[in-house]
Each structure stands twice: as structure tokens, then as C-alpha cells.
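In what comes next, chain A is part of two complexes: it sits with chain B in the first one and with chain C in the second one.
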Partner chain A sequence: MLTDLLQYLVNGLIVGALIALPALGLTLIFSVLGFVNFSVAAQLTAGGYAGWLANTTLKLSLVPVLIIAFLVAGALGVVTDRIALAPIRRKPSARTPLMVAVVSIALNMALENACRFSFGSGLNSFDMPIARDMKVGGIRIGLQQLHNLEIAIGLAVLLALFFSLTKLGKAMRAVADNVDLARLKGIEPVRLANLATFIGMGLAGVGGALLAIDTSVDPSTGSRLILLIFAGSVVGGLTSLPGAVAGALLMGVIGELGLLVLPPAYQSLTAFVAILITLLARPSGIFSGASGVRK
Partner chain B sequence: MISYLVFAGTIAGFYALLSLGLVTAWGQGGLVNLGLVGFVGLGAYTSALLSGAGFPIWIDWIAAAVVSAAVGVALCFVVRNLRGDYLAIVTLGFAEILRLAETNEKWLTKGSDGISGIVAPLKSDLGESFPFFYLIMTWTLVGIVAFLLGCLLRSPFGRALRAVRDDEQIAAVAGKSVLRLKLQAFGIGAALSGLAGALYAHFTSYIAPDVFIVQLTIYIFLAVTVGGQTRLAGAVVGSIALVALLEASRFIAAAIPGLDAVQIASLREFAIALTLILVMQLRPEGAFRMTNERSGLSASRAASESCYGKRAIVDDAT
Partner chain C sequence: MTTLSASAICGGYATADFIVKGVDITIAPKDLAVIIGPNGAGKSTFLKLLAGLLPKRTGDVSIDGTALPAGDAHAACERGVSFVPQERNVFGSLSVQENLEMGGYLLRSGLKSRIEEQLNRFPMLRGRLREKAGNLSGGQRQVLAVAVALMTNPSVLLLDEPTAGLSPAAAKEIFVLIRDLAASGLAILMVEQNALLALEYGTRGVVLVAGKKVRDDAAASMIEDDEIRHLFLGRAAPAAPHRH
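After this line comes the complex of A and B, so read on.
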């Protein structure tokens, strides 16, 4: 029983680590730009496809594949943001964030269908050697999945260093905290907004590539996960970067433990319930005490 | 060709009902409901299951509207204090959960196979003219609903609702029950969605979870935006424009050589999404502008520009 429980815990952490990257992206974009960008799901899918193409046609190995996934999703994120969403953000009113959120769903739909148009709706797997699962004290751990966990945590740490040590990172936190004050200090919000979108969508792309390596990629990969990604982000407070990582890991574990009482088909239900409970009981997220980008 | 037009016209009628609901809840009440499609599915399944159990069709339709409204009001009550963008996430998730239930509760909904053979009203009596009958019935219903909503929104209720949309605190200070108004507006929207779902179910006589996906929500947002988010006439015009666009894109995509079925379908979805983005950018007020109501005072107050969560969105213009 105990090993079963530990196995669920490990599986949950692995799922959570994959979710953490897009959740980080979502949180970063929300913090700096002030709206919920639903197109993070499509960028995750785009990253998965970019990685898959790089791996199967160029025969690249893991690290270059992930870098390509980051760059492609990040660049696509910035370009589509400038084309589709930025003109709508320019009309400031009380309803603007909501309008942008609605349009970002349309953008998500457009990108998803662009993927479907280009690659068909089939499943695409990577051409990578499958490592054998390890067994540690009765708990099964996939080497690839362990790798994913390390990469996700590594990226989160890098991001944390970027935000606490570099000038650009600090400027970004300043914008997230208070746009007007940041502008007063000579920080230009638009450039930072682009950078936030680039990093945020890039992270989603890496998450998509890692996910695709673990399983496969198809046009709906991102949309299937969107509720889980949002759950991670919302549980973490939607503006706290460490919160997003912790929230995603927590959602992964809760989702796996939920399998004890729920049929697997209802795994999204735990995400929805977590979102609802967090928003109702503590809208600032359960990790709002943690340091990082905060309101 | 005639039967094709009749079919498209009937679908436009369903969309018009959905759009009228969205105009009431979103345009007039400021309540975002990205789970619109969830309530459509709820209504469709309620009606289909009740009619399968032998209840007369008119009872099924009323039940569909009532069940959707009740669930809508309950959801709106639970999330009553949430900001707009949080409401967007929750409603989107809610529709997804409903679809999961439709797919997995096979004992009730037959899962992804869907429910077929849903009886249509008077179909055996009318024979050939049944589609015409359904078209006229649907649009008569649209007319009645639009008329009633028009009366409602011109009444003090409508003014209070718009006040809640524009500034909750001022509406509350003026003695309006903000929560009740929100619940009513959301409930009306949900009820109309449920009714449209029921009408759809009995028209095509087949429903499955795949019918009720998030794309439909985007369609309706497009219809409402094209027409003008706050206007009932806009909802009706927008729905007709939506169906015209959907059908035109079908022919255009099919005319491009060398595309397979998946590519044609994805091209159409892409076109719809692109249109919504373009309309939002180029003409967000739609075909029918919002009408401003002036108070008797001579000096007009500048519109409140405060954002959700008391912080401004990054303003690209500066």
C-alpha cells in the first residue's frame, strides 16, 4: 500500500513537472501583461511539433530539440501576440482583459487548426531511444521521465535566477507589480511584455516537446491539458512564479491520487475542483506568501 | 438546394437563440460565459433523455430550459465574487467537465456513441414539409424571445443590469441587488442555451458529446461580436452572418484542390477564428453599436476606466 502511494506520488510529480512549464509561462504572461492568454495551449502543441520535426527530420538529440521547441514556440507566441492580441489591448477599458482573453481563445483555435492543417490529426512520436524504467525500492521510475523532471526543475531555477539577479528580470517584476511606477522609473513595458510572452510561450513549447517525447504530439495535445495548466497556475496564485511550479506539482500529485477514488476519465475533474476551491477560498493562491512576482 | 437552405436557416435560428442569451448575459450583464456550450449540451441531453422516457416534447423543451437555467444560476451563485477572467476559466472548465460526464456516464448518455432516434415533433404527420415547419417554428421562437428580451431590457430591470455591468459598486449604492441581477442574467443566458440545445437535438434526432465542443462557444461569440455585443438585433443578424460564413467557407475550402477532409475542416475552423480576431480588431462594436443612455444631467461623466483587479493592463499605445 505504501509503495503504491509512493508510486502515485512519483507519477504525480512527473506529470506536475511537465505541467509546471506551461503553467509558469501562463503565470509570467498574466503577471506582466495582465490578461489570461489561453493560446498557451496551442503554443505547447506548436513546441511539441517543432521538437518532433527537429528530432525526426534533422535527427537532433534531446537538448537541441528542446532549444528549438523553446525558440519556435516563443517566436510564434510573440508574433501571434503582436498580430492578434496587441491591437485589442490598445483599447483600454474595464473589459479589455476579458476581451483579450476571449480573442486569445480564438487565437488558440486558429493555431491549433493550423497545426492540424499542416500535420494532420494523427499522433506523432519521437525517434528517441527508450530508456528502461528504473526500480527504486519497488517504485517504478522512467528514466526519460526523471530527465523531464530534472529539466523542468532546472528551467524553473534558471527563471528564478533570471528574475532575482538580472536587471531585465527585476524590471519585469517591477512591471508585474505596478505598470505606472515601472514606467516612471524609465522601464519600457512594451519591450518587456514581448520578452515575457517570448519566455512564457517558449516554456510552454519546451513543456510540449517534453510531453511529446514522453508520449506523442497531436493537434489537441495542448487543449487537452489546458485545464490542468490553469489549475497549476491558479492554485499557485496566477501571479507567483514559484507558486506556479508548486501549484503544478501539487496538481500532478492530486490528479494521480484522485485516481484512487475517481475513474481515470475524470482526471480533469480534480483540476476543475482545485481551480474552483482555490478561487473561492483563497483567490490569491495557496502559495501567496512565497516570494516572487506578486501583485 | 432548398432543403439545404432550410437546414442552414434552422441552424441559424439555433445560433440566434444562443446569441440572444449571450447578449443578455455578456453584452448587457457583463458576465462572461465561456461554458456556453456546456449549457447547450445540458439542454440537449435533458430533452433527449426525457423524450426517450416518453414525456411529450413540449415538456422536454421546457425542462431543458429550466434545468440549464437552474445549473447556470447555481454555477453563477458559486462563483459570484470572481473577477471576469477567473469566471472565464471556471466557465470554460465547467463545460469541459459536463462534456466529460456526457462521454463517460454511459448508463445515462450512451457515451461517445451519442443518443440517436430522438423523436421530432409532428415529423410523421408533416412528412416532406417537416423541415419548413421546424424552420418557421424556430424563427417564431427567436422572434418571441427577442421581443420579450427587448421589453425586459428596456424595463428598469435592463437599466439596472447595465448599471451592474458598468459599475457594480455604483449599482449597489443605488440600492440594486447586484447578485440577484447577475443570477437572473446568467440564468436567462443558460436557459436560452438549454432551449437551443433541445431544439437542435430534436431537429437532427442525434446528439453526441462531440457536438458540444468549445468551438461552438467561439462561434456564438463571433456572431454576437459581428452583430454588436449589446444589441438583440445584432445577435440575430450576427447569427445569420455566422451561418453564411460557415457555409461559404465549406464551399470555398472544398473548392481548393488537393485538400483532404481533415484539412478542409481545419481550414474552416481557422477561418472562423481569424474572423473573430479581425472583427474584434477592426470593428469591435459590431454592426449595431451600443446605444448610450443619457441621464438628465448636462455634464456627462467620463467612463470609468478602472481595470479588473485594480491594475491597468499594459498599454501598448504609449
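After this line comes the complex of A and C, so read on.
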């Protein structure tokens, strides 16, 4: 029983690591631009497809595949943001963040269907050697899954260093803190918003590629995960980068442990319950106040 | 030596009618001009229009004869105009050091020496470099806001209620600081509720009423003026005790 519990825990951490990257992207974009961009799900899928194409047609290995997934999802994120979301943001009102979030859902559907139109609805797998699972004290851990965990944590650390050590990272935090004051200091919020979108969507793309390497990619890959990603970000406080990682890991673990008492069909229920409990008990998120974009 | 000139400035918020209605002003080096007037006169809005924070503006703002585009805070900052808003005038979630760095965002070199310069000017900041700006006291925050505004070595400083919420002692310290900055060659335009004290430290007084400039005169003569004292400085003129 204890071994089963530990196995679910490890599985949960691995699922959480995969959704941590898009959750970081969602958090970053919310912090700098002030709205929830649900099209992060479509960029996750786009990253998965970009990685799959790079691997199966160009025969590229893991690192270049991830770089391509990052660049494609990041660039697509910026282009679609400029076309569909930025025009709404330019008409500021009390309802603008809600309107932009709603349009981002429509954008997500449009991109998902563009993937379906381009690649069909089937599952697409990477052409990479499958490593044998490790067994530690009766607990099975896939090597690729372990790599995924390492990459997710590594990218989160890199992002944290970017925000605390670089001029652009600090300027992004300044924009997230007070956009008018940032303008007064000569900081250009639009340029930084584009950069935040590029990095945020790029991270989602890397998450999509890692997920696709672990399983496969199809047009609905991102949409199936968006609730978990959103829940991870909300639980993490929506503006905290470590909070997003911790929230995503927590969601992964809760989702897997839920399988002990619930059939798999109800797994997504845990995300709803987590959002509900978090918002009722601590509306600003469990990890709000932790260091991040808005420290 | 830089001079800011504004002529026939009209403007306001995007959703409202013009709040400022045709104001002219020229601020030269060593000027410490204090804008006074009743609530809703458009004093803060006028500063925001000069700083490029509000997009809706007609009239001309220029620095040494070169026009500044409307609603372009970046261009204003690049041309040497630095604005300290009344509220939220520091990045609360950033450290004191990071606030100073953001103040010097446009500097291509010499950031460290500029920070060192501000720390020498405001020694109380030196021991608080790692502290979050949001945790500072009101007076410390104002000092930091001014230090951040001075990072780019501006020639024109716009201050919106720099002593709001401060104790009388802290307010006096801020006024002394502002007077010294003006004496060092900066052109300063300041909106201040504590009008009498501000005029005592200032060189000029500008009265705005309902978005229009109704008076622009030397600060000393403003203080002596019965009507101004009665209407805007919160004190009856000494020669008119019968007003009780």
C-alpha cells in the first residue's frame, strides 16, 4: 500500500512537472499583461507539433527539438496576441481583462482547429529511443519522465534568475508592478509585453514537446490540460513563479492521489475542487507573496 | 540649461471632457513653481499631460523649443522630464536597489555611478538597498521616489503632492530637499496641497481654477496677497481679522 502511494506520488510529481511549464507561462503573462491567456493550451499543442515535426522529419534530438518548440510556440504566441488580443487591450475598461480572457478561449479553439486541419486528429509520436524504467525501492520511474522533471525545474530556475538578475527581467517586474510608473521611467510596456508573451508561450511549447515525447501529440493535447494548468497557476497565486511550479506539482500529485479513491474519468474533478477550495480559503492563492514576477 | 514651455495645453482623461483648458507655462532652470488651486482644478492632470501620461492633449509642450509628442512618457523621459506621481510612485514589489536601477533604465552606461550619486545625496537609502520599497515608511518612499526620478539626471522635475501623508517634520525635510534641487539648477513644477508652506520654499506660484490659469506670480507676492491667502492658503489675511 505504501509503495502504491509513493508510486502515485512520483507519478503526480512527473505530471505536475509537465504542466509546470505552461503554468509558468500563464503566470508570467498574467503578471505582466494582467489577463489570463487561455490560448496557452494551443501554444502547448503547437510546441508539441513543432517538436514532433523537428524530430520526425529533421531527425533532431531532444535539445534542438525543445529549442524549436520554444521558438515556434513563442513566435506563434506573439503573432496571435498581436492579431487577436492586443486590439482589445488597447481599449481599456474595467471589463477589458475579462474580455481578453474570453477572446483567448476563442483563439485557443481557432488554433486547435487549425492544428486539426493541418495534421488531422490522430495521435503523433516522437521517434526517440524508449529508455527502460528505473526501479527504486519498488517505485518505477521513467528516465524520460525524470528528464522532464529536471528540465522543468531547470527552466523555472533560469526564469527566476532572469527576473532577478537581468535588466529586462527587472523591467518586466516593474511593468507588472506599475505600468504607468514604468512608462515614466522610459520602459516600453508593449515591447516587454511581447517579450513576456514570447517567453510564456515558449515555455508552454517546451511543456507540450516534453509531454508529446512522453506520450503523443494531437490537436486537443493542450485543451485536455488547460484546467490543470489554470488550477496550478491559481493555486500558486497567479503572480508567483515558484508558486506556479509548486501549484502545478500540487495539482499533479492531487490528481494522481485522487485515483486511489476516484475512477480516472473523474480526475479533472480534482482541479475544480482545488480551485474552489483555494479561492474560498485563500483568494490570493496559497503561494501569493512568494518571490516571482510580483515578488 | 533646459527650459520647459507649454502653451495652450488642453486635455484630460480619455473618457472625460477636457479638465485642463488652455494653460500656458514656462519653467526655467532654478524655478520652483508651485501650482495651487481648489480640488478638481486640474492640477495633477496638468502635470500628467506635461509628462506624457495622458494621451488626450492639444497645445504644445516643448523642451528648449523641441516639441514633445502627446501621450509619450518615454519621449518626455528621454528629453529630461521626470515626473514623480502622488501615489504609487515607487515599484513596491522591487527592492530599493532595483527601483534605482529602473530609474536609470534609459542610461546606456554609468548606472552604478548614478546610483552611488543618489546614495550620497540620500544616505538613508544606503542601508536599505535590499529592502522592498513597499515596506518603507511614507517619508522614505518619497525620498526614494525623488532619488529614482533623479537617476537619469533630468533637467525638469514634475512633483505631484510630494508631501501628501507625511508628518510636518518629514514634509519640511522634503521641501528643503526640493528647494536645494531647484537651487542646483533643476526646473521644478510642483503641485502641493500644503500650499502656504510650498510657496514659502518656492520661487513662483501658479493658480489653477477650473482648468484655467488665473495667476502666475512670484511666490512671495502670492503669500502677501489677501485674496490668495483667503482662498487658497487656508489662512485669513493678517489685515482682515474681522472675517471671523
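Assorted remarks:
Note that the second predicted complex is superposed on the first by the 293 of 295 C-alpha atoms of A that agree within 3 Å, B and C clash if a C-alpha of one lies under 4 Å from a C-alpha of the other, contacts with A are read in each partner's own complex, and residues count from 1 in each chain.
FYI, a residue touches a chain if its C-beta (ideal position, glycine included) is under 8 Å from a C-beta of that chain, and two chains touch if they have at least 3 such contacts.
None of the values given here were measured: they were computed from a predicted structure.
Of the two partner chains placed by the overlay, neither chain B nor chain C lies in contact with A:Lys59. Residue contacts after overlaying the shared chain place A:Lys170 against chain C, while chain B stays out of touching range. For chain A, the partner that touches more of its residues is B, with chain B and chain C as the two candidates. After overlaying the two complexes on the shared chain, residue contacts for A:Leu181 are found with chain C alone; chain B is out of touch. By the touch criterion stated above, A:Arg132 is placed in contact with neither chain B nor chain C. When the shared chain is aligned, chain B comes close enough to touch A:Pro97, but chain C does not.
Overlap of the chain B and chain C contact sets on chain A: residues 178, 180, 183, 295. Residue ranges of chain C in contact with chain A, taken from their complex: 51-53, 73-74, 77-78, 82-83, 85, 88-94, 98, 101-103, 105-106, 132, 148, 152.
Residues of chain A touching chain C in their complex: 167, 170-171, 173-174, 176-178, 180-188, 294-295. Against chain A, in their complex, chain B makes its touches with residues 30, 32, 34, 78-79, 81-86, 88-90, 92-94, 96-97, 100, 103-104, 166, 214-215, 217-218, 221-222, 260, 262-263, 265-267, 269-270, 272-274, 276-277, 280-281, 284, 303-309, 311-318. Contacts from chain A toward chain B in the complex involve residues 32-36, 38, 84, 86-103, 105-107, 109-110, 112-114, 116-117, 120-121, 175, 178-180, 183, 189-190, 193, 219, 223, 226-227, 230, 234, 263, 265-266, 268-269, 271-272, 275-276, 279-280, 283, 295.
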